[in-house]
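In this document, chain identifiers A, B, C, D, E and F correspond to the written order of the chains, with residue numbering beginning at 1 in each.
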Amino acid sequence: MSIHRLHKRAAQALRPVSFELDWLRYAEGSVLVTQGETKVMCAVSIEDDVPGFLKDKGQGWLTAEYGMLPQATHTRTKRESQSIKPSGRTQEIQRLIGRSLRAVTDLHALGSRTVRIDCDVLQADGGTRCASITGAWLALSLAMSRLCQQGELTANPLRDHVAAVSVGIVEGAPLLDLDYSEDSNCETDMNVVMTGSGGFVEIQGTAEGAAFSRQELDTLLALAQQGITQLMDAQKRVLAKQ
Amino acid sequence: MSIHRLHKRAAQALRPVSFELDWLRYAEGSVLVTQGETKVMCAVSIEDDVPGFLKDKGQGWLTAEYGMLPQATHTRTKRESQSIKPSGRTQEIQRLIGRSLRAVTDLHALGSRTVRIDCDVLQADGGTRCASITGAWLALSLAMSRLCQQGELTANPLRDHVAAVSVGIVEGAPLLDLDYSEDSNCETDMNVVMTGSGGFVEIQGTAEGAAFSRQELDTLLALAQQGITQLMDAQKRVLAKQ
Amino acid sequence: MSIHRLHKRAAQALRPVSFELDWLRYAEGSVLVTQGETKVMCAVSIEDDVPGFLKDKGQGWLTAEYGMLPQATHTRTKRESQSIKPSGRTQEIQRLIGRSLRAVTDLHALGSRTVRIDCDVLQADGGTRCASITGAWLALSLAMSRLCQQGELTANPLRDHVAAVSVGIVEGAPLLDLDYSEDSNCETDMNVVMTGSGGFVEIQGTAEGAAFSRQELDTLLALAQQGITQLMDAQKRVLAKQ
Amino acid sequence: MSIHRLHKRAAQALRPVSFELDWLRYAEGSVLVTQGETKVMCAVSIEDDVPGFLKDKGQGWLTAEYGMLPQATHTRTKRESQSIKPSGRTQEIQRLIGRSLRAVTDLHALGSRTVRIDCDVLQADGGTRCASITGAWLALSLAMSRLCQQGELTANPLRDHVAAVSVGIVEGAPLLDLDYSEDSNCETDMNVVMTGSGGFVEIQGTAEGAAFSRQELDTLLALAQQGITQLMDAQKRVLAKQ
Amino acid sequence: MSIHRLHKRAAQALRPVSFELDWLRYAEGSVLVTQGETKVMCAVSIEDDVPGFLKDKGQGWLTAEYGMLPQATHTRTKRESQSIKPSGRTQEIQRLIGRSLRAVTDLHALGSRTVRIDCDVLQADGGTRCASITGAWLALSLAMSRLCQQGELTANPLRDHVAAVSVGIVEGAPLLDLDYSEDSNCETDMNVVMTGSGGFVEIQGTAEGAAFSRQELDTLLALAQQGITQLMDAQKRVLAKQ
Amino acid sequence: MSIHRLHKRAAQALRPVSFELDWLRYAEGSVLVTQGETKVMCAVSIEDDVPGFLKDKGQGWLTAEYGMLPQATHTRTKRESQSIKPSGRTQEIQRLIGRSLRAVTDLHALGSRTVRIDCDVLQADGGTRCASITGAWLALSLAMSRLCQQGELTANPLRDHVAAVSVGIVEGAPLLDLDYSEDSNCETDMNVVMTGSGGFVEIQGTAEGAAFSRQELDTLLALAQQGITQLMDAQKRVLAKQ
């Protein structure tokens, strides 16, 4: 249990987190999330249209895309635009982001609109999918408030906070908010997405090596819950400062 | 809590499960899994080679592919071979199957070989990814035993059982082994993969509508554990009969 | 002329053929064809719509797709879903199946419907395209009868039987219904598709090595005609048993 | 039986055929075939290498590609380069051309070389695949002679002539060498490829509407044989003039 | 300045240029351009429709495609239809051809029509993109005149000539109309497109090795202007002869 | 000639330009370029390998890629990773960036290394390809200096500055450094790339509407030269501050 983390970080401590709101000029809402060395740009655009399967259903849609700049990683990653398809990993992540945000969005209150959230990783040091969710919520919140202020929406479709964090077991020790080197060496890796009211939206736990026990699961879930509470406090603080 | 399931099935009951071993002539091991109306063909082939990233590492590899026949579903599904890429869902599932089986396989004991497991859904009535994992384990077990009998392997690389089941909350009731209509209407959906020694390999829980509470999570995990125990008993019975 | 075939089969004998009707639950009609070690699943679905080029023409359409499970073959075949396009061979075969069935279907009597026939090879030991045609006819027959019974069609669009068989010259000997090892070694390979009234729908003869003479052609055509007559008898018997 | 053909052509007459040899400057051999209004450019290139599956087998390979310029057809055709794959039709035709030429080529005498034959249709008025085969033979003949003259080959790998023609039944009348309007309206369509010694390399007969009888088949084969003899005479004449 | 060009061509001389009008039967206008050993087929088709972005805008559209036959080049080029996408070079060229022709076409006078110009290189010896533009103008001119004669257009949308030529600096000497071997060795390469009234439509100058000076630029532009004037004279002569 | 530009900018004035060096942690050199509202991230990575066509040639290679984040533009742009190919525009731009930087890089001095420059547009308000070139030069300069300091290179392969700017004619007025709204409305658009010693690397001038005269060309080139001089001064200043 005496694992040494970078910068003497405690096992149950988050990395420093900051949010720069409206970093982009043309998006309806945007946030540059920094969590340790991980940097993700989250941006929201809104279209006055819905996909075919929702035509005339009286509701909107919300979808997410995830990308990584080639030079975001320790070793340059091949640009996906030059292969035929987004990798399985990319698709998994963007589906996860979309589901997480839809879980706290009232699609009927959104009306016949499509919200597109782009999460682009400028620098990757672990936890990019979780930082994307936490940041995407902020960008969505900015965009929804604007639609309300402009009188385009009568009620804010965003019903609750959402944030996410990774937890894992590294050399037998349960750790909060893994960085890349920890993530590469963990025995168990878990991403947890929760709402402001304390419900789970998504739990994805994977044993990379040995299977994990029920007791380890309980420890990891408690750690995640604590980290997510802190992340939501940070979301509230930055919105309050506006 | 008084939900009515098809064929008067109890909330905590599995659907009838059966395995037909060596259904295919040319695979190293194959199983036709039937779980209720879901039918999946699992087949194992072995190549005397490893992918590039494992060359000269003294270990083997195991990978899985998942497919669905166009007419397996209530409404015919477009054949993936005619689109450009496997869908995100297909990729997610085949990565899950591969990770689950690798969790109980000693890749060093396998030597410089690649195991390919194909899980093809002939008929789909919910739970196809879990049935794929449970069946793939049996097909892998048949193939590994054969390699040992033929003297190609000195130790069986398969270290433990693996099986999987879906659980979920439908109209407030926790249910084991969802069929398609239950899966389409559930509030929370969870796939659980466990080893014979009771460890978790993978937990994927998703709130489709409202978030789920910690207590609901505990109930679902207990239900999954009970179902997986029964599935492993069935795996053992069919192997014993050989 | 003293070639030795597997199981002491005579040069002019078909392999054992059987049909399991309605093997799939959700298709409008389905048949599992077994011809020797070759197993093909044929399934029919019907959509209440026609492709763009037939809009408002007062007729329907019938099309076929053909696939092969990766583990169907002696050595595992790469899954087509992961390459960019169906191979030329796959496209040739599915066009052939479609043409053959359209030759005995009254597309006007079908109304504004599209019939999709999927032929998926579960196990391949030669003659898969011919078994697909013979089986597809049965699956189509089941589906068309059902539409008539349900009062959706007033006249059955299926005007005649269709069946197909391969013939070839192996080591100088003309053989009926080649299996995989015969097919791999034949000098001439011919697929013949005929109707119940004795007309030819398709003849595809290819010299793999030396060109074939007019006399050899005549012998092969007679052999094919005899085999097709037997296959149609089998089609009739299995339908009569229903 | 009194069908009227364009330019008062007789039912059993070919369209005017001409060959311009070495029309292209950089190919090893090239021919511009004109058959009625159909114009095909056939060109041969030779590489001092063989595909992977023939490495160290002591033989060469011959393969063909087929294309159609967008403005070759009555109505402009979409350029294939901008879709993802060659159509099924294109693949069928280029496989046919390749098989036909390989049937008269001694691949061992060719040595470790790959012959690539490109058949590009500049103008299409029916019979393009047959004209491609007839012209490709000439281009191949020019290229092989050159290799012999240059002392690179000791024996000419080309063992015999190959030519091809289409025949069909239009309004009940058997016709030789269909043009586009005849081909669009025929009941039965047959492409026949033969060698100089009178053997069949390929027969592809398709009933577009009603099935065809054995007697019709015999008539069509005789017609094809007569046309192919004339085409080979033309091949010989143009080579003799060189 | 004493560079030796093929056939004793002067530094400021064009290669011999000729145009065969209406070489293709089904296109609305077509020209086979020969410039030295470079041969390009330019063909125009017209559709009575416009792309989506121009619907109901009361104007037409003009677009171009460019291709190269595999055997057009010194060493055979891979057919683009078998790769996934047109190369960057192909796309650059077809965008250039389209822009150049649109610069002299009144799209409003064209009405709701789409002009498609295909430029297919049959033989490539340098300058194919410029020959494509010069020839495309002639093919377009033929097609537009026909539409006027048929009374479909009241005013000819073609307002001026367009022609193009390459210039470059090879071993320090400024040359007009580079052939392939000159183009491969030039220090600076420039394509210039001009109108009949002497305006520039496009200048694309690239230093392949050392950067070029302002004085070199002036020399090259003068050379290009002189060559383009000659090409337009040739365009006028061949139209006058009709 | 009295055109009104945003923020009262003069016709011959650049937008405010700034460079943030080493904005990314893992790249060998990186620069965030801001030019008005346009923001481009330029990053350099270096591999100890060369592409196949340069193996054993004793020289290195330099290549560039260009991308645009979906939310960089006024209206969200579809992510290229989800289409099959980079658009023609993207390919044109990345080829231009690569050529421009290669023009001032001694590839032999680079040794057997490949330099990859990624230019990713975070926000687009016109001039993104020119800002990419100007910024890429700085990122390359940082990376090359580091290789020299680390003793991996004995001589700096970077021989000169490179910078680029757009010029154009809007409502008859020649303007320097067009923003998006000016670029959308210009009659002539020209991108100019120059070296520190005053040579031209690339001139791409396009008449969007009417052709442009020789005199207009001269005016635009002078304007570009002045702007590029200022950009190089800025490059020098920011490097000097390090």
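We take it that a contact is a pair of C-beta atoms (placed from the backbone, for glycine too) under 8 Å apart; a residue touches a chain by one contact, two chains touch by 3 or more.
Remember, predicted model here, so these are calculated numbers, not experimental data.
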Where chain A and chain F overlap in contact partners, by chain label: none
Repeat of interface B-C, chosen from A-F, C-D or E-F - more than half of residue-number contact pairs shared: A-F
Chain A-chain B separation of Cα centroids, rounded to whole Å: 28
Mean-CA-position distance for chain F and chain C (Å): 60
Separation of mean Cα positions, chain F and chain D [Å, integer]: 52
Per-residue overlap in chain A, given as positions that touch at least 2 other chains: 84, 86
Chain contact graph, described as a line, ring, star, complete graph or other shape: ring
In the complex with chain F, residue positions of chain E that touch it: 84-88, 91-92, 94-95, 99, 103, 190, 194-195, 197-207, 209-214, 217, 221
In the complex, chain A residues that touch chain F: 24-27, 30, 37, 41, 43-45, 47, 65, 67, 69-76, 79-82, 84, 86, 90, 116, 118, 120, 122-123
